[in-house]
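One chain, chain A, appears in both complexes that follow, with chain B as partner in the first and chain C in the second.
Up next is the complex of A and B:
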């Protein structure tokens, strides 16, 4: 077991494309939960419709990639409206139940047999990245970066674009939250009734934020599709949403850079524990574990992390504890 | 402190930057490769083992791969380029045939692999014969009647019996109503606990589905013969039960310190006993019939629920942790329980032996196998029992009182914490029973509970969050709607219809069928 190379590999993944994609999706969740207090447990549903918007447009209908992105974002808009209209007027726990159920039902519908001509069923879709790689200024065969932090050209291109989008969204969130509109949004989190008594239409504000966060989630899904060049429905299981929650709570909800920091710390931890466990396993310390068990232990670890964080440090790395004393009204 | 942290971080960053790159790229070891998973067309969650694939570059054979037990295969490639993958048709089991697609033609596929690309290649199988119909994918009608397809369509078996009985619309309607009732009863049994827990603590327990899985798995373990692991689990839960009982019984009669010491001693003794039994392994093997295993599962489920309440939820409530935080903790717990179950019992899909092939009993309109009749009977008995408990006993009345208004109940002298403990115990036991009943006419696997959880949510919202009778009515309604929807729509949409029903209810009557009209927004 080589502890330095495990550390290096973990750091590499903390800056890698996957961390960037999760940071993007977590920014959307931060808008929902961190700033507005909406309990969205179905962020992965937005990622799924975004990814399949790209997938179906590009692989099935041979449309150019920008059209795919547009379709994905449009699907997310429709999904947000469908989820929001029945539940946003109700207590927060109804939204929680509806979103977690909706995300799972969407996955089941996309992987179902009758949808196979469009979605490829359980096999998913492939060959999605050509339109993206045509624009690649880097050489696909070369490696770029410094020392252990090097990526091949294609990954580098995804990485640059996704971190660029993350920076853009961070700027957007910062500007929004320092605008009058953002103050109303934060007011809804603190005391919905007070905001309502000032004559604000709380439902409309919540709907706008649900749509906005959903669109950012869908954008993350689109980037996932071009990064992997293929998508399967089963990679959009609810645990992705739970990862995003850990990322958000780890970084600090209600902070512009919370999701970014959280995503980097989370993927560092995930790869570090994985490398450490497998390293110890290969030294024969865990004779009772088989290969697939390590993944399960890691997910159990995510669960423990979630519990420990929320109980002992709800504000995460850079959050403000006072801001996180949100309660369900 | 802070400067020291920064120093360490800086040192770490420098160390990583000076390490030579390629040596440290574990996930790109070997650079290019092709991988994929070949699935069983009759059951898309199972792979097909032993299919041989050969990779050619030009005319040279450069790599070969064979699918593993889960259908996964991977072939390492020497570098980027264009490769030809040939599937050995001889190695495909005779009941399947290779599906032709844009990429796979005559068992050959040409793929282009870029530098450092771990490229997936989709190779699909069809049931032999079906593939002859052409290159198209199986038609929806075929999917609908072939009930064994798609493990995620939750109640395939029940649907299959409905569809097989064939002929007229009336027959199918009756048959599906019967399976819908069965399904609804199972949902109702599992969902009562969820609804009662919400009523007493205002918390949605996202771990409830995994408590269902727990029950099904424990019953499977003890009915197929428990040796080392079963005994160990039993010992741990015995210790936990002793600790909970001690805590509940001596709460106000004993000083705090001896009580805590006694509880921890009980748990430690349980763990020690578990270790000893685990080491002894198979030498203390025993086996009970399924009904006995079900009783053990219900008891252990009750202990699991009560233990969670006593050692996780009660301390959190006393720390005044906000409800949103509690939801997130319950999601974390759900992840932990589900994956501990996965590590302990594996990802396999199993069934309770000896109850699979049974001659259906003809009941005039419908035919049901005896096991389904027993499941329905047990579920109805349990539901009536729970209703009697809530309606006529002291503790039942206290549960309803706490559920109605926690503060009022507390001020009228009810020990709210104790009632909550009983509610969790009852809920855990019922969830475990629901798991056994669900496992009897479905498949036992580690995600079964999570799938049922969505339907349980639909059921409790439909009936009214927090009301036990609402969960019963809602469960039946959700089961019936889910099953009857398969008369007109594909099986995979079952859950979507149950969810649609829930959303409709939220729009029209947010408090649910039996909920009291109050402001919920």
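Up next is the complex of A and C:
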């Protein structure tokens, strides 16, 4: 077992395109939950409509990539309105139930036989990245970066754009949350009725935040389509949403950089535990484990690490413990 | 505050109420709030059933009644935080029944809650600033125009600090509201409601849990609000407080208005004594005797 190469590989993934995409989606979730207290358990649904907006526009209708992005974002807007209008006036749990169900229903519809002409059914859609790679200033055949932190040209391009979007969105969130608008949003997290009694239209604010966070989730989905150059419906299972929640809680909810640090730490841990377990397996430590078992054990292992984190650092990596404890009493 | 022709001359309570009859549902000369046939039931229980109620502008009106009489429910209904089964009401001559809570507040009728609602994970100053109306920076697009809202923010902050000073919370301005004591939260909630610059303020048990020394200064605040021309409607259980500062008292029992009148009318009203005051009346009469002059 080569611990150095496992560490190197884990670090590489912490800065890689997938970590950036998850960071982006988690920024949307942070707007929902971290700042506003909206329980969105279907963030993957927004990623899915974003990814398929790109996929269907590019692969089926042969439209340029920017149109695909626009379609993806538009679908997310419609989805947010459909989810929000009936539920945002009700208690918080209704949004939670609705989002988790809606995300799963959308996945099942997109993979269904009748949708196949548009979505490619269970096989999904391919050849989605040409429009993106045309713009690539890097050489697809070369490797870029230093030492362990090197990526091929195409991935480097996705990586730069996605981290760029992450930085942009962090700036956006920072500006919004340091404005009177953000103050109303945080007030809603604390007590809706109090904010309403001060003349603020709570429903409208919640709708705005649901749409904004959903759009950022869809943007992450668009980047996923571009990164993989293909999409399948079964990538958008509920576990993606739960990974995003883990990322948010790990990094620190209600903090601008929480989702970013969370995503990097999460993918580092995922790859590190995976590498470690397989390394130990190859040394014959786990004779009872077959190939596919490692995945399950690894997830359990990550779960244990998270439990430890939540016990000893409930506010996440960069959360404010003082602020957190105030709400407990 | 001087000016206000209607108030400066009104030195005594008789003038403020301008000849209103001490009977349930009596008409007032200059009502700011008029409610008609307001009814709300929870399952089989009729919590509120008010035939007619008028609140005189520029007065302190107390709403009293035993526990479960429907006082808080009536507050919730009038301020758009609960829906009536039937009934209409007007505020400043405009029908506002059916309006959601935030629009009632914008119209100038602002309420506080019996169970205090401090926004715990925000600073005291941020709590106050949330009360300010018409903020450009509270619109999503406006949030990005920092130089447009910065000036407004400074003016609001100045006003917030003045209010905090008045309510003796100035030293706490940068602390989390969750770190305040129960009584301090009551004060904060009242100051925050005033930050909206309402024409009528409805306080649901503002003195509950506030220490006696502070009650005195709260009472002064409430009196000075009236003297500034605002209308105050408040729910309270402490008879000394009620008799001491109210211009008018409305007694609610089982959802109905059973009596209305000046403190002197209510004290001697047999129906009220039976329904609510009972033995308490004797105590407060004594307290008054020693307290006056």
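Just so it is clear, the second predicted complex is superposed on the first by the 309 of 329 C-alpha atoms of A that agree within 3 Å, B and C clash if a C-alpha of one lies under 4 Å from a C-alpha of the other, contacts with A are read in each partner's own complex, and residues count from 1 in each chain.
Keep this in mind: contacts are C-beta pairs under 8 Å (C-beta built on N, C-alpha and C of every residue); 3 or more make two chains touch, one makes a residue touch a chain.
Everything numeric in this text was worked out from a predicted model, so none of it was measured.
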item: Clash or fit (per the criteria above) of chain B with chain C on chain A; value: fit
item: Touching partner for A:208 - first (chain B), second (chain C), both, neither; value: second
item: First, second, both or neither for A:280, with chain B first and chain C second; value: neither
item: Contact breadth on chain A, by residue count: chain C or chain B; value: B
item: Contacts of A:197 with chain B and chain C, given as first, second, both or neither; value: second
item: Contacts of A:179 with chain B and chain C, given as first, second, both or neither; value: second
item: Touched partner set for A:108, first chain B, second chain C, both or neither; value: first
item: Gap in Å between nearest CA atoms once chain C and chain B share a frame through chain A; value: 8
item: Residues on chain A lying within both footprints (that of chain B and that of chain C); value: 326-327
item: Residues on chain A engaged by chain B in the complex (per definition of touch); value: 4-5, 7-9, 11-13, 37, 39, 41, 85-87, 89-94, 96-98, 100-102, 104-105, 108-109, 111-114, 116-117, 120-124, 126, 140-141, 143, 145-150, 152-155, 229-230, 238-239, 242, 245, 249, 275, 289, 292-293, 296-297, 299-300, 302-307, 310-311, 314, 325-328
item: Contacting residues of chain A [partner chain C, same complex]; value: 175-176, 179-184, 186-187, 189-191, 193-202, 208, 322-323, 326-327, 329
item: Chain A-facing residues of chain B, complex; value: 12-13, 15-28, 39, 44, 80, 114-117, 119-120, 122, 124, 137-138, 140, 143, 149-150, 152-153, 202, 204, 206, 316, 319, 321-325, 327-329, 331-336, 338-340, 342-343, 347, 450, 454, 457-458, 461, 465, 490, 492-493, 495-496, 499, 502-503, 506-507, 510, 520-521
item: Residues of chain C defined as touching chain A within the complex; value: 79, 81, 100-103, 105-106, 110-113, 117-122, 126, 129-131, 133, 135-140, 142-144, 146, 149, 153, 176, 178-179, 189, 192-193, 195-196
